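We call the chains A, B, C, D, E and F, going by the order they appear; numbering starts again at 1 in every chain.
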Amino acid sequence: MSRQFVNQLGHKDAVSDVFIASDKQLRPNRSGNLYLQVELSDRTGAISARMWNASEAVYKSFDNGDYVRVEGTAQLYQGAMQLIATKLARVDPQEVDEDDFTPIAQVEVDKLVVRLGEMLRGMNDPHLQNLAECFLLDESFMTKFTRAPAGIKNHHAYLGGLLQHAISLMDVVQRIGPCYPQINRDLLLIGAFLHDIGKIDELGYDREMVYTDQGQLIGHIVMAVGMLEEKVREAEKLAGEPIPEETVLRIKHMLVSHHGEYQFGSPKLPMTLEAVALCFLDNLDAKINAFDLLMSEDPNVDSPWTHYHPNINRKLYKGKPA
Amino acid sequence: MSRQFVNQLGHKDAVSDVFIASDKQLRPNRSGNLYLQVELSDRTGAISARMWNASEAVYKSFDNGDYVRVEGTAQLYQGAMQLIATKLARVDPQEVDEDDFTPIAQVEVDKLVVRLGEMLRGMNDPHLQNLAECFLLDESFMTKFTRAPAGIKNHHAYLGGLLQHAISLMDVVQRIGPCYPQINRDLLLIGAFLHDIGKIDELGYDREMVYTDQGQLIGHIVMAVGMLEEKVREAEKLAGEPIPEETVLRIKHMLVSHHGEYQFGSPKLPMTLEAVALCFLDNLDAKINAFDLLMSEDPNVDSPWTHYHPNINRKLYKGKPA
Amino acid sequence: MSRQFVNQLGHKDAVSDVFIASDKQLRPNRSGNLYLQVELSDRTGAISARMWNASEAVYKSFDNGDYVRVEGTAQLYQGAMQLIATKLARVDPQEVDEDDFTPIAQVEVDKLVVRLGEMLRGMNDPHLQNLAECFLLDESFMTKFTRAPAGIKNHHAYLGGLLQHAISLMDVVQRIGPCYPQINRDLLLIGAFLHDIGKIDELGYDREMVYTDQGQLIGHIVMAVGMLEEKVREAEKLAGEPIPEETVLRIKHMLVSHHGEYQFGSPKLPMTLEAVALCFLDNLDAKINAFDLLMSEDPNVDSPWTHYHPNINRKLYKGKPA
Amino acid sequence: MSRQFVNQLGHKDAVSDVFIASDKQLRPNRSGNLYLQVELSDRTGAISARMWNASEAVYKSFDNGDYVRVEGTAQLYQGAMQLIATKLARVDPQEVDEDDFTPIAQVEVDKLVVRLGEMLRGMNDPHLQNLAECFLLDESFMTKFTRAPAGIKNHHAYLGGLLQHAISLMDVVQRIGPCYPQINRDLLLIGAFLHDIGKIDELGYDREMVYTDQGQLIGHIVMAVGMLEEKVREAEKLAGEPIPEETVLRIKHMLVSHHGEYQFGSPKLPMTLEAVALCFLDNLDAKINAFDLLMSEDPNVDSPWTHYHPNINRKLYKGKPA
Amino acid sequence: MSRQFVNQLGHKDAVSDVFIASDKQLRPNRSGNLYLQVELSDRTGAISARMWNASEAVYKSFDNGDYVRVEGTAQLYQGAMQLIATKLARVDPQEVDEDDFTPIAQVEVDKLVVRLGEMLRGMNDPHLQNLAECFLLDESFMTKFTRAPAGIKNHHAYLGGLLQHAISLMDVVQRIGPCYPQINRDLLLIGAFLHDIGKIDELGYDREMVYTDQGQLIGHIVMAVGMLEEKVREAEKLAGEPIPEETVLRIKHMLVSHHGEYQFGSPKLPMTLEAVALCFLDNLDAKINAFDLLMSEDPNVDSPWTHYHPNINRKLYKGKPA
Amino acid sequence: MSRQFVNQLGHKDAVSDVFIASDKQLRPNRSGNLYLQVELSDRTGAISARMWNASEAVYKSFDNGDYVRVEGTAQLYQGAMQLIATKLARVDPQEVDEDDFTPIAQVEVDKLVVRLGEMLRGMNDPHLQNLAECFLLDESFMTKFTRAPAGIKNHHAYLGGLLQHAISLMDVVQRIGPCYPQINRDLLLIGAFLHDIGKIDELGYDREMVYTDQGQLIGHIVMAVGMLEEKVREAEKLAGEPIPEETVLRIKHMLVSHHGEYQFGSPKLPMTLEAVALCFLDNLDAKINAFDLLMSEDPNVDSPWTHYHPNINRKLYKGKPA
């Protein structure tokens, strides 16, 4: 029998399968009785689970990030699917197929990395090629970069999401390059690659996805500039000659301005064509990914509309079946 | 001897060539003496000219929209080039080469129109093909659509600019289509074609480019919906069957929401993937065109920066020569 | 014995009367037991009802929009009155007095329609009279116009509310006409009549009040312009002569700008005296109606203050009994 | 021969008439030569005048606020009419007809004051009647109230404008009273009377119209509350009984909230029906007066549009001649 | 045995102690059973308590503001500590130690009052000294001023908070005086003393802390100006000579502008150096007090971060134990 | 005879003295004649000068940043003092007294540097002492830090202004330290020292004060973080032990958040007590300096008000002479 994926669970479905646990809490209800609340996820999404009348023993029998086998029933509650668990037990990681729990299978990640290398090595500017190589050769960087999500909520918020977002953006850049000859394609391409690298340390994603302390206090925009400066030093040492100041400045400016407006935490507005293009294309890729997910995961399956999302100040129109 | 184009005039250059006149005014200076002020343009841009101690006779010797031969001297004044005219006389349209005065030569317009037809006929949805055909067959519409600018100021603000903007946007849509399979490419393509059609009547561009009364009181967004409704009726009559209501609704929604935010006069926020994509890509195409122009026309040739532009709240970085 | 109206129900009152059902839902509570939730309304307002331990049989025994007889108890819960139902059964529409369920009795609606005709026929401008007549003669239009609410929430949010709002506004226009001779009273009067007509299709109000798909995607402002254009064509055919372009433009402009500010979804700011006046008077009539309702329906009867309403960013002062 | 009023001066008209001088300045031009600049006004408006090569003697020969006879020529300069003066001499106030210099003739003011008394004495609430009487009996107050403008720029910005604005607003209140029975008409009427009384000391208007120091540092809203408190004490002493606290509170609240939004310097948002109504009606009366003036005084007589007014972020549509 | 203070209660602690009751409510739960909800406080903070299956007898056995002895258990519920009460009975005020219930012990208040007098009498300007004396001598004023909180929520929201905030601010003013010789230290000092005095009547704090009606309708800023005007009259009578108008104006301006921006309900922006300084220092003192409290009272003791506070749009960083 | 300082020049004063030239431009007037425009400054301020009918020879006879002897006349033009020059010649730097041209004399700078060292060495945290020492020992840094202005316009916009602003802020921090024991005084002190160090490279101030390219594209906030990181590495090498990560994080956070709000280009909001305090005190020091200057330099000497300053959206009240 095949696996029950989170995004396939329907109202009143009996559930018996393995998930990753996170954010476990032992909480009293209004009357003082304890219950266990825990997030369960696989590669298709996450669902909130509750186990009534739970003991501290159950609570302590597993850690956040563990694989757990859960038995219970799915049920729609206040517009969202939740799981009423009756049994929950830790499972040996050896027994599970990791690909069920990573939105992008390893083989897919490997392909994306190959693609990344091809695109970066396809740049014409030898300075940028050299700089890109320093990132590609940095194993610690690449491990994080291929594993990090692009956010906690919002767009590409899953392991591998950052890589997928960067590749998608770079692909778009390559395709529309001929439309805008006044844009330096190489600069925009490396900007698409590097614009969000600060997120590899802004976020923690070892077991559960969280903001790190420095992520919250400093932010990925400022952190990315430091990472770039370090790699520029390496690249110049490697090449034995400096990267033109102008080139470095233009890359930094893309990093610093890619949120596009002050109100979104951008310390600078885009002032070069590449920075302007990066800002709109980043927005395009992020919003299409995010809105598509909001539509496909909307629990309100009978309606052509998603429910109202306050952070984007609107409902989305899923449309009527043809 | 070849023509002196507006964008080639340098400080102290002697000028003797033909331009289109617009916005002529006979004005007194502080001391009460009359001078003539007039905008002169060719396909590369426009320049403000003044003729000191001008008489009413000169003022009445030509109309806005006429070709005039001007003699005088170019000079940099308060950061902008202007022309001090000493002679100015009407010229017979027969004597001029029209292509010097249209940013896009007729042969180029013809190519763009062919391109437009190809792209629209390449759509898979027969309803949309049929609808598009009704626009293409409407001579009065096409005459305006291929001649109109995309604005008075800002982006693509020249004859043929609207067509060029639409084609450029449609080209981008076709290229990035494969990156976003969740987007209905045909819908987005026809959205790119139609989003600004209201501008053919929002603007007047017969002799000079102005806002029409209905353009200012109603606006191209609302006007475009009326044009679409009319063509939908035609297309349905032609095909003998209705276009699905859902399809028409989704196109209208793209028209109505493509400014993206209430503060930019958008009565609705984008609520479908196609509307979201159209909004960002329209912005990309418009801003790249506009900023590129601000940079290339910046009179401050010695500085890597343009002067400050209040409407975009920033200077732009033109960069240093390599 | 007289009817128990919704707005007269007090804490712990036993209830046994007929209401209109809407938005019925069969929902599990935290423990997984099903309960029925349903909105009950009559002409004085709406109340949320719950029936514990409800079966699917009960849920299926009536439809949204049906009349149902309900037995149970009213109770104040978290600042709002709700009804705990113990019995609920469908009732034959023949047995009920429709006037108990429409905020405005039919006889009252009839009077308002007469009033509408009188005011419109009292205009001096024959073009406007003719145009108005085309609306009055359109039975399908009038059926919707006299039945539609003016909104889902906010002001005049009940069947007949749109008509009542229009009449109230037209009444104000007639009264203050002499104060502002520089305003064209006829134009303002027809603007008051037509400004919200888009709502007859923006909203659905057959059984329950909802936004239609086109209402959400296009909006009543843009929709109203299309309705007006159609009627202008009819009126011109009827009269055998065109309505002056200027007149049509000024009416359209009132429709398009009556929300007054971009942030409220107005694609244009008011630029004529009539548009300015319409905007302020519409706001006056809407806000007085809305705030008056918030005060009179505030469940917090012991306090001189209503509770805080986030959408208007304030509490309202009901005052102290004299 | 009849007087040449400011609003009748056309381009190139020879001028020889008497005006009130204000804001006189002796200024050097770029080359260091002195010229005299001075505002000239009569009851129809104001015009800026310049006298080239003026001496200090001329400058000292009159004071701001004096009547001066001016000879010269009117001329359109940068979209505004100005006057090039060749002669300028002080005139004895005895020789002029004061009514030429006050927008509202004294006989008209007298009528308005009678009207004010009638409306206030027509209130049903004896407390409010008594309070109003204390204002009407205060000669010093009434002198200022009947003479003050309602602003320096914007609406009703002329001597007598405050009175005219108050009466106009009170008239509207009386007319629409029957439309809104839930509003306390007496409260709203006295609110219309008192809402701007702080302006009698916020502005100075003895010779020229200026903001006073306390006007700028404290503002008419806060100042009005102090005036009201003083009159409440007087009224209570006079009547020998207190005005109900609730009544005073509601009047104060109208004064304090009538600007409607924080961004317009309103320390409170309107929270009673009377305050809400006052805010919209005040806005209506002020904007109709202001926009009407912008249209009728627009120097651009050939265009259906006024020029762009940055403070209202729009042009206004004057329309085409029928 | 020593007292159990609110801020020391931990999850599952048995509680048996005396608190002040406020905001008592008898409410039905979803199933219609009644429970009692009441706020309990002492000088260290407040906690929400619930007593299940409460009778009306219990509800009526005490009033808001009474001392009550409570038995029950503390428990963490949805991120906040609450108290499940099993017994609750009124206690004679004689039996309690008042200092346990006032955040600032009386002896501490007395010291602050002495400090206040010293600082005010240390001013060099005799007019200001005299004016200050009139406030200090007004017993009714001083009783309120030393007892009032500085707010309901936010900063210094406890009895005595207003006094503490004023003294803290005055202390800062005295310390940094020498850094800014261009600021009139006496003016700034009396501004620091008076800026929030309107709060003594804007708030009620007899038994529970609430906004008064006039507090909500008029606001402490406008109310403070009236209080100042009254004391100026007294001081002038006392001294037999007027306080310079300029001085009074500058104090009023500080009161009127100390919120610094229109959006915070400030009718005027700071336009003198003293008003500018007061605004920033008031903000500093208020925010340090408020944020410090948010951190120290954050229930999330294991995290270096407080939870997200929507009103300040951020989390706060408490930091990691050294 | 003593020097004529810029801030002492009055209308019609004959001028013959030495100034620093900057921003020289040779410009045609409307009629095409050339004139020279140049900024002249000394330590008390700057004045714009014009020399009519200037030749290219004069223009080339000096460079921006040179000392020039100027003869001519001061004159008030459009509310600002300007200088009409008749003669202008380069002067040997040897002949001038440098202290006349630096707002802070060298001896004063030396004192401030001593003061800086004392305050930093007075910190209790050895890590912070060590870090500070690395900055103090870096000659290249200190040369720039003691010479840089704190801005181009706005506050402390003169050579030495950055140092003066830092010292003033640190002084305030030390004085109010005892008022807020919950604030880490050492952290706040080093934050006050470092918060604006990015300005040493954001601005160029060798001859004239300008924004550098990286200053405009990256900004001092992001640049400061890079400087800090470098010095942290040095300090850790020097001390042979790491500075606690928490400490570095808290300093970085102060740099990154000190603009306080997103709209002012702050990528993060202040989330620690030290960051909150730094933001308000920085604002206090900057605004008092800036507003004080606007008042003392206001050319409108007869008025108690400065003219309107659009960037701060207000006039300032200078007050009346006692």
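Criterion: a contact is a pair of C-beta atoms (placed from the backbone, for glycine too) under 8 Å apart; a residue touches a chain by one contact, two chains touch by 3 or more.
Just so we're clear, the structure is a prediction, and the values are computed from it rather than from any experiment.
Number of steps on the shortest path from chain A to chain E, with steps defined by chain touch: 1. The chains in contact with chain B as well as with chain E are A, C, D, F. By residue number, over half of the touching pairs seen at A-E are also found at A-C, the match among A-F, A-C or E-F. Counting C-beta pairs in contact across E-F and across D-F shows that the higher total falls to E-F.
Comparing the centres of all chains, each the average of its CA atoms, the largest separation from chain F belongs to C.
Measuring from the averaged C-alpha position of chain B to that of chain F gives a distance of 44 Å.
Centre-to-centre separation of chain A and chain B, using mean CA positions: 40 Å. Each of residues 213, 216-217, 250, 253, 271-272, 315, 317, 320 in chain F touches at least two other chains. Pairs of chains that satisfy the touch definition comprise A-B, A-C, A-E, A-F, B-C, B-D, B-F, C-D, C-E, D-E, D-F, E-F. Across the complex, chain F meets chain E through its residues 168, 171-172, 175-176, 179-180, 182-183, 246, 250, 253, 269, 271-273, 276-277, 280-281, 283-284, 287-288, 291-292, 295, 313-317, 319-320, 322. Partner chain D is touched in their complex by these residues of chain B: 27-28, 30-32, 213, 216-217.
Across the complex, chain A meets chain C through its residues 50, 52, 73, 75-78, 84, 304-305, 315, 317, 320.
On chain B, the positions that touch chain C within their shared complex are 213-214, 216-219, 221-222, 225-226, 229, 249-250, 252-253, 256, 262-268, 271-272.
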